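All remarks here apply to the structure that follows.
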Amino acid sequence: MNGRESVLSAIRGALSGVPGSERPGDVPLASVQRADHAGPDVVGLFAERAAEYRATVVRVPATDAAAAVGRALARTGARSLVVPYGLPEDLVPRGPWSLLTDVPSLTVGQLDAADAVVTTVATAIAVTGTVTLDHGPGQGRRILTLLPDQHICVVRADQIAPDVPEALGLLDPYRPLTLISGPSATSDIELDRVEGVHGPRTLDIVVVEDA
Amino acid sequence: MSGADNVVWLGTPAFPEAARSALADTRLRTNLRRATGTIRDKRLAVAAELEDWEELRETAATIKSHTLRHLDHHLLRLEKAVTAAGGVVHWAADAAEANRIVTYLVQQTGEDEVVKVKSMATQEIGLNEALADAGIRAYETDLAELIVQLGGDRPSHILVPAIHRGRSEIREIFRREMGEWGRPAPENLTDEPRDLAEAARLHLREKFLRAKVAVSGANFAAADTGTIAVVESEGNGRMCLTLPETLITVMGIEKVLPSFADLDVFLQLLPRSSTGERMNPYTSLWTGVTEGDGPQNFHLVLLDNGRTATLSDEVGRQALACIRCSACLNVCPVYERTGGHAYGSVYPGPIGAVLTPQLVGIENAASLPFASTLCGACYDACPVKINIPEVLVHLRAEAVEAKRRGRLLPTTEGLAMKAAGAVLGSPRRLAAVQRLAAVGARLVARDGRIGALPGPFAVWSGTRDTPVPARESLRAWWRRTRTPTSEDARTAAEGKARR
Amino acid sequence: MRIALFITCFNDTMFPRTGRAVTELLERLGHTVEFPQGQTCCGQMHFNTGYRPETLPMVRRFAEVFAGYDAVVAPSGSCAGMVRDHHRVVAAQYGDAALAEAVEQVVPTVYELSELLVDVLGVTDVGAYFPHRVTYHPTCHSLRMLRVGDRPLRLLRAVKGIDLVELPDAESCCGFGGTFALKNADVSNAMLADKMRHVQDTRAEILSAGDNSCLTHIGGGLSRLRTGVGTMHLAEILAATEGDMR
């Protein structure tokens, strides 16, 4: 018997007490009422919660978005900016940094040497202060937001979902997905939280609101 | 043998003995107390933010128990979905088979090193050792796992395997060992957690950038879409899941969820219960392979290794609902004082005390179900409502039965319990023993207190005085001072008739 | 109300004064208390140590002896919890349908003392007087098995003359755990040491709880160290009146 058959038959043996009338689809969960954890000010809550996890959050009108990205770069002194395929032109800031476009694909070495990356997001989550990338146009391949040490996310206010279930409902499970809540961190030393390990150590979030 | 090897560490003494040496380690106790104290408060605060926390726990428990009751069905759905998305699914009945599969897959790539994301499943099967035997070096990339690996140590906590190490010990390990494994620690390394994290970043960076093969575990797998989830904090997970060409994920069969939508519940519960955060810094979700982004070869190894034996126990199977958050360890008064090594298992703490004996067979971990006061703090903290005290007493009964089966003569404890049962089985015998105890105890008591007690009670009386049994039991007082009820007359009559 | 007192084997032998206190208290509140002489033990020690077959006769005896009362009161959170949570498990395990039915009948009538007073009898001020500095240890089974919550504290706060002080880290286990204290004596001692330190930090004269087993453990340690801190069951404080203080 191969592993597959032996595991499956062991499972079936272990579950012989489950009545045949019980179907796998009968999960009685529809009645669960979910409380609203976000409150009325979804955008404000998102900004507050993201900042609590040490992301730098600014709220700007659409006309100021590129400039806000530029200010984030200036703050860290970034010299090079990775620009994913499909990023809207009006989000690319002018300034003393070189622009590295991912067409053709940047190498691992180029990305490791780059200082910063700017992306849009697929959605965001207010209650947890999370941004979610599905790595489609404007968000870049996964590696783009991993190797540069500063990640600047541009989030449209209308992309912010109140809570985890609403956000997951907006995502396409067949795309690679990354949920990001603050810069990389660890609690591995005495369960004390320290920001900045392998992923980007600086996370900037630019929330774009219509005037 | 119920199928699992490597879960328990051979040569570890039974819990009470291992605990004794752990308790003598004052540095360990200081480290543990500080760490568990910090995390307890954080967990309580973020759980209290959700007014429907209890409903979320209930929902999670329902999803888990229902999924386990139809596990074969959901695993076949998962297999189909992963395959359709370009992944390859393998099944392993035990640790040896899983190790063989992973070793073979690595060898097929022609590589002799892999980077690893922290994973309980691969820890459980002893994958690193199996790969080493085949000449393949496995690099742990989670900070705590790195500390354990560099220190030649064993994990002592599910979430933070190096919780038993304080910052200065970690600095020493880094300074001593990093050079042996790759880039050495910076010359002027301090014991500040920030600096230690930076040292790990520098040390591992070159390994991430050159790795062609990664091995991970999985927190969840959605059967409808074939999506796998890895929840982490440091970004080492993203590195491993993104940079290499080949990704091998080893996952216990109990991790499957019916649907992607079920992640709603678990992604709210896990980070809050685990690190006390509303959300962990990084969660990666992937479905098979994506052209032009990330590993182009994806293998999923589904691992039994004692899980189906656990599943066959209708009371014990709830332990398979565990999402490895480690909240039960952090609130456990026993764990807080002994640390994880005393449990002698990859799975320490309250969940380990119920999971380990089931994975390896009760006779191979018979002391673990007794390593608890049954205080119930673990049950209250568990985000999927595993009734750990219930499973503990269930397994205690199995341990006693296993012992009974294995010997011709009863144990001393067995005899004592039988005698106590006989006394407590009859009000007359109980009354007689009460009279004897009251007289006997007065012979040895001083100032109404008994100092030293004999035999197995010596460990009690070493640190505690024992009060003297009352001269007159309540039942005797009642008889002397109160008119008997009709009920009592009946009992008395029955007693007479029996004589 | 016709209330049966389930004194528990441990209190019967070691702390009959707790049983007398429960009786006085309930009679003072105008209720009839009976003591069924057929009672022995809830079976908790055997059940929790893994001796299930030995537990069965005790479960049976309990269901027989305590059938038919308006309420059954136990001055012990862990024994009340054993009856409430585990008697049906034992009945089911041995497939005894008649016993299972008898257990289902009796279980809803069983209360720990503070539950009976607050929930059934609807009192928090029982007219007690106890002019001492007291701290209260909530005991794990009262807290997390029975979920008595702050009922004992509400009862204690209403006691005249009492100086009730909060016990730091009160909800942590004292380390008793029945046979745990023997099987894992070292861990038990370590937990006991911390509990005693917290008790001493309160500078209370009396440590109270709803379970004499935990009090014997903590009090035994406090006595050995000659701390001068005494222990008293909750019932004994609630039974005390000004008349006692002559």
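Letters A, B and C name the chains as they come in the text, with residue numbers starting at 1 for each one.
Just so it is clear, contacts are C-beta pairs under 8 Å (C-beta built on N, C-alpha and C of every residue); 3 or more make two chains touch, one makes a residue touch a chain.
Because the structure is a prediction, the values reported are computed rather than measured.
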{"item": "Per-chain CA centroid nearest to the all-protein CA mean", "value": "B"}
{"item": "Top chain pair, ranked by how many C-beta pairs fall in contact", "value": "A-B"}
{"item": "Distance between the centres, which are taken as Cα means, of subunit C and subunit B, whole angstrom", "value": "31"}
{"item": "Approximate Å spacing (C-alpha centroids) for the pair subunit A, subunit C", "value": "52"}
{"item": "Contacting residues of subunit B [partner subunit A, same complex]", "value": "31, 34-36, 38-39, 49-52, 55, 59, 62-63, 66, 69-76, 85, 90-93, 97, 101, 141-144, 147, 160, 162-163, 166-167, 170, 193-194, 196-198, 200-201, 204-205, 208-209, 222, 225, 227, 233-236, 238-239, 241-243, 253, 258, 260-261, 263-264, 267-268, 271, 275, 277-287, 290, 292-294, 302, 304, 308-309, 311-312, 314, 317"}
{"item": "Complex contact set, residues of subunit A against subunit B", "value": "2-4, 6-8, 10-15, 17-18, 22-24, 26-29, 32-35, 37, 49, 53, 105, 108-109, 112, 125, 127-130, 135, 141-143, 146, 163-165, 168-169, 173-194, 196-200"}
{"item": "Sites on subunit B touched by subunit C in the complex", "value": "15-16, 19-20, 23, 333-334, 337-338, 369-377, 379-380, 393, 396-401, 413-414, 417-418, 420-421, 424-427, 430, 433-434, 437, 449, 456-457, 459-460, 462-467, 469-470, 472-479, 482, 484-485, 487-488, 491-492"}
{"item": "Residue numbers on subunit C that touch subunit B, as the complex places them", "value": "7, 9, 11-17, 19-20, 34-41, 43, 45-52, 54, 57-58, 61, 65, 86, 140-141, 143-145, 171-173, 175-192, 216-217, 219-221, 223-224"}
